[in-house]
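Both complexes shown next keep chain A, but they swap its partner, so chain B is in the first and chain C is in the second.
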Partner chain A sequence: MTDHPLLDIRDFSLVFDTFDGTYHAIDGVNLSLQPGEALGLVGETGCGKSVLTRAAFGLVPSPPARITGGSVQLQGRELLGLSDRALRQVRGREVAMIFQDPMTYLNPVFRVGTQLVDAIRAQSGGQTKRDEAKAIALDMLEKVQLPNPNRQFAAYPHELSGGMRQRVLIAMALAAKPKLLIADEPTTALDVTIQAQILDLMAELVADMGLTMIMISHDLGVVAQVCSRIAVMYAGKIVEDAPVARIFDAPAHPYTKGLLAALPHPFRRQDRLESIPGTLPDLLHPPAGCLFAARCPHAAPICAKPVPMRRIDDSHRVACTLYDPAREKDRADA
Partner chain B sequence: MLEPITTRPPDGPAMLSIRDLDVHFPLANGQLVRAVEQLSLTLRAGETVGLVGESGSGKTTVGKTALRLVKPTAGHIEIGGMDVIDVSARDLRKLRQKAQIIFQDPHSSLNPRMTIRRAVSEGLILNTDLRGRTLRDRVSETLTSLGLPAQFHDRYPHELSGGQKQRVCIARALVLDPDLLVLDEPTSALDVSVQAQILGILKDLRDTRPSLTQLFISHNLAVIRFLCERVAVMYLGRIVEEGPVEQVFDAPAHPYTRALLSAVPVPEAVKRPDRMRLSGDIPSPTNVPKGCAFHTRCPIAEKGLCDTTPPPALTPGPGRMALCHFAGRTTEQT
Partner chain C sequence: MQRLILKRLGLMVVMLLGLAVITFTVANIAPGDPARLAAGPDASPDMVEKIRVERGFDRALPVRFGLYLGQLAQGDLGTSVYTGRPVAQDIAVFLPATIELVLFSILIAVVLGVPFGVLAAVWQNHLPDHAIRFLSVSGVALPMFWLGLMLQWYLSLELGLFPLGGRLGTFDDVPTTITGMISIDALLVGDLATAGTALMHMVLPATALSFPALAAIIRVNRAEMLEVLGRDYVVNARAQGIGPFRIIAIYALKNAILPTLAMIGLRFGWMLGGTVLVESVFDFPGIGLYAAKAAISSDFEPIMAVTLILGAAFMLTNLLIDLMYALLDPRVRNQI
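Let's look at the complex of A and B:
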């Protein structure tokens, strides 16, 4: 690829200092996004997907968190080590975020319009005048297809439904024309018909505004609706990173395969679902090699050594010894 | 032309029979929440029936009312031929032994100060004469059969994972050897790999306890498809469609069912062409639309009919029911 990535995360590691010891939440993550790409970051509870994206933009308080290495570059500019003030400029203007529960992120005692105008003015460092900000806000509410924008502008958050609140937050996030949108489980709190509306909207916005996006979700079906690429996380590491079609049609990592086999399908008859045996490794004392080895049907002695991410083709990376030429040799020796 | 339903003859004895159920909750401001309206549903002995709907559709209220945890406003409910509504406190207790419920969040369903052995024993102590060695054996046997070996039996809930806690809740229900089990979103709080284990356990019950009748309440259509033989779809307190799972999923007769199914994010790289999107949100159950409750969001609603006349219950196929003026025609249009 010739383009410079918009976001380039390299060897990023983060620990939490706890009373029980050092918890290795993120270990050596590499992830880069080209402009206009929509990446789905998928994994089960506690895999580190939210921590990774929040910590990269300074949203995980330290202590207890401690970034132990790596770099996070946004359009070539290093973000790790920036002052709180500088990071605040990055967030909101260059990187916007939306989260799972839209009610939590709106202040219940202010009108929706007031909050939008304040946010838009803050994004410009107070440069935008109130009436200009209001015009931008109404325009954005239209873009996110909120019915009756003028009326909702004067409404309080409790008067809006969950889907409408999420639309307001998307409008707020996109008003400053950010380069990158982080959407952390944006539809998990919504009903399925409303979820479908919001996912359609996000897919449209990604296409129309040329938005670059990371969508975090535990639901492979949800990211498949919007994203072109999926990265699968397990126990603080990215284990597989590939185009959507490859993840579903030719998954390479045993964990990805396990996740897919565990998923009930709405339109297929299934007699059995495969569950993944065992439990997550103890990240207070992580093993040196593959973190999935203890649950993996293909585990071999070579898996006890550190397993790097390996390219199996131009667009498909996987961290598994099954794709390591040394594995065969190892077996022959043993 | 479709014939209106008169009676649908059940193939076996009814385990749970709900007829013309209304459940209304008065609000402080004088409004009435019509949570369940004129709902009828029959579960034959040994059947697994899914009750699906979005939040606020009344599905949980139906489950709770069936076990008389909520008092209905009007209607009849029988469990194993025994009236649940006009029943003495003594008989109700006997009935509850035979009808058990499992909730979404296993953590808040377990007393944090009781070991899991104690939690599972409690129902037996209250309802049976089992004591001492026999009680202990019965509890151990049930827990072990659900994949919780002896080393777990004297632990407290906080020492268990979410999936293990849900197994305890299932054990607590099954140890009383119930005839009817109501499961209210039992896997919604779990990760997919753990969900697959719990769904496997529940499906196995169909073989190991063939007479057990299960009412499975969920918003997740894929889970219903996997587990249930029959499904009832709820919208604003009513069952709008009912029938064998495969038929309803493959050829939905009600436009709401169709919309619900097309909103499910499918874990596949190919986008399905038969998309049908609903605009707007579910109306408030305090202000249910006149005529057909769904007409405000229905893409095929006809003015002068759907907004004035409640739809009849039609039979689009054997063992099926759809509450729609145009049931069955929905697939021909578009």
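Let's look at the complex of A and C:
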């Protein structure tokens, strides 16, 4: 099966129709995951990580969103164009999502147990009976190491701490034994110690259940702990895609280098985090060439033309003219 | 919970006292000689003076207020000059009619307003939303009094679809009084025909009375639903594969209904006030019409009694709404 990707996103593009015009949120994204792989998706805020991973499974309301092209295949099955009902089934059974802020992703006016049972029943398309669902829910709460599962089952979300709620959300997401887990910054909103606990738990569950995972984060450090591969996103495009070690030891894209430089270094005293000057380009009127050009120290005239993703080797792809043989020629011509 | 209820009831007594002071003062500053009114049009000046002393109209205002409170404390609401009966007796007859009308109106406003608000939110910027918003704007723009007259003129005078006014036809038998609400009493004794007639009599006044509340409920519920449907827990529910009906009607609505409830409580008060106008238009013998007639004839004690009763009803409703809030929202429940 390893030759067949579990998730295969090709040329995926999405725009938002806004009052100010067409906002090109996602542009020509290619991303594929082998079964059992854990991919980290990183990039600064607003670059489209959430929109990409939600829209692929029909979770971004349209309007305002409009998918303008591409394909999303899960185990060889095309998801774009599926009916709402079919997509709901995919979300319930095959793809699980956990999100950033456990405080806001549970409904405040229903008991934790009610929400778990509802979700578990929906995941099975209503096949599971209430008491079966309750048994599954309690079992899952045990699995995510929530203390006192029976008591928390009857509690309301506001009676639980952030870490406990995130455990509940993980239990909910994984109850249907999905194949793919999308974790959208699952620890960002938590205290550092709790963060570590949740990351450990997730790593354990991913291994246990043989999950394939996309972990979204703007923190390269977090991603490095749980993932084997990293895809770097910038302004709605994937700009680099490589194994974790490669990203840290030999980053290819200037943007990735910038992200790494912004990481606090454990052995060097730093008074100030280096960050990349400048901001995201205006995606209402995106330039034709490299979207990073305005912030890039290596920008050259050739960067104003479309920059395709190219392979450096089997496992490493990058979208940058620095790796384009034509670049030297271009300079020689000039 | 019990402590909250007791505290609120205590507060209610204080607020009612305040209300009594204000109404008492206003009613006494208003022109007109109460002794003259009480004595009747044919009374001689001597008679008027005698009544003035007898009824205490010559005393200072605070003293008279004290006397009135003492009388209230004994459960005596006084006597109506206009009907010549004890106010308590009048109110026992008229209050159930108004309660019936207002409950019916609230029912209309809630039963239509909440689903309309939900529909408008779900179909935001589509035809159902535009239609419902038009209805909602009309509810704000049309005065209740005018709407009542128009309904009466067109639907009952022109088309003859509904009775002109009153609670029952002249020749209908009034069912045995149990609650005093005719439709309910008729239902209780199994008299469906009379219950139907009573409801038909209430359709137009209740429509006029409920329209502004309907508009307000739609507006609040639509806005809340829009807000709630964008919340993270809705995204999570969708991510779990939960269907749209369950998400809208249960997950979202239970959150959105909370502010709507507050609006319902507020509007209930407006409705009580509105009965004065609407009952006058439809000659509906309730406490509003009673108050209107009392006000016109400067009939002091009925005015006081009606004001206090409407005030108490408003306060009780809002207490009830707060308790429902606590029932629906566990975060509020924990605070009380």
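Heads up, the rule we're going with is that the second predicted complex is superposed on the first by the 326 of 334 C-alpha atoms of A that agree within 3 Å, B and C clash if a C-alpha of one lies under 4 Å from a C-alpha of the other, contacts with A are read in each partner's own complex, and residues count from 1 in each chain.
Simple rule for what comes next: a residue touches a chain if its C-beta (ideal position, glycine included) is under 8 Å from a C-beta of that chain, and two chains touch if they have at least 3 such contacts.
All values reported here derive from a predicted model rather than from experimental measurement.
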Fit or clash between chain C and chain B when superposed on chain A: fit
First, second, both or neither for A:288, with chain B first and chain C second: neither
Partner touching more residues of chain A, whether chain B or chain C: B
Touched partner set for A:88, first chain B, second chain C, both or neither: second
First (chain B), second (chain C), both or neither touched by A:105: second
Which of chain B and chain C A:118 touches, first, second, both or neither: second
Partner chain in contact with A:279 - chain B first, chain C second, else both or neither: first
Distance of closest approach, chain C and chain B, by C-alpha atoms in Å: 8
Overlap of chain C and chain B interfaces on chain A (superposed complexes): none
Interface residues, chain B side, partner chain A - complex: 54-55, 161, 191-197, 199-200, 219-223, 225-226, 246, 249-250, 259-269, 271, 277-282
Contacting residues of chain C [partner chain A, same complex]: 231-233, 235-244, 246, 251, 254-255, 328-331, 334
Parts of chain A lying in touch with chain C, wherever the complex brings them together: 54, 57, 59, 84, 88-93, 96-97, 99, 101, 104-110, 118-119, 122-123, 125, 156, 158, 169, 172-173
Chain B contact footprint on chain A (complex, rising order): 44-45, 147, 161, 163-164, 191-197, 199-200, 218-222, 224-225, 244-245, 247-249, 258-270, 272-276, 279
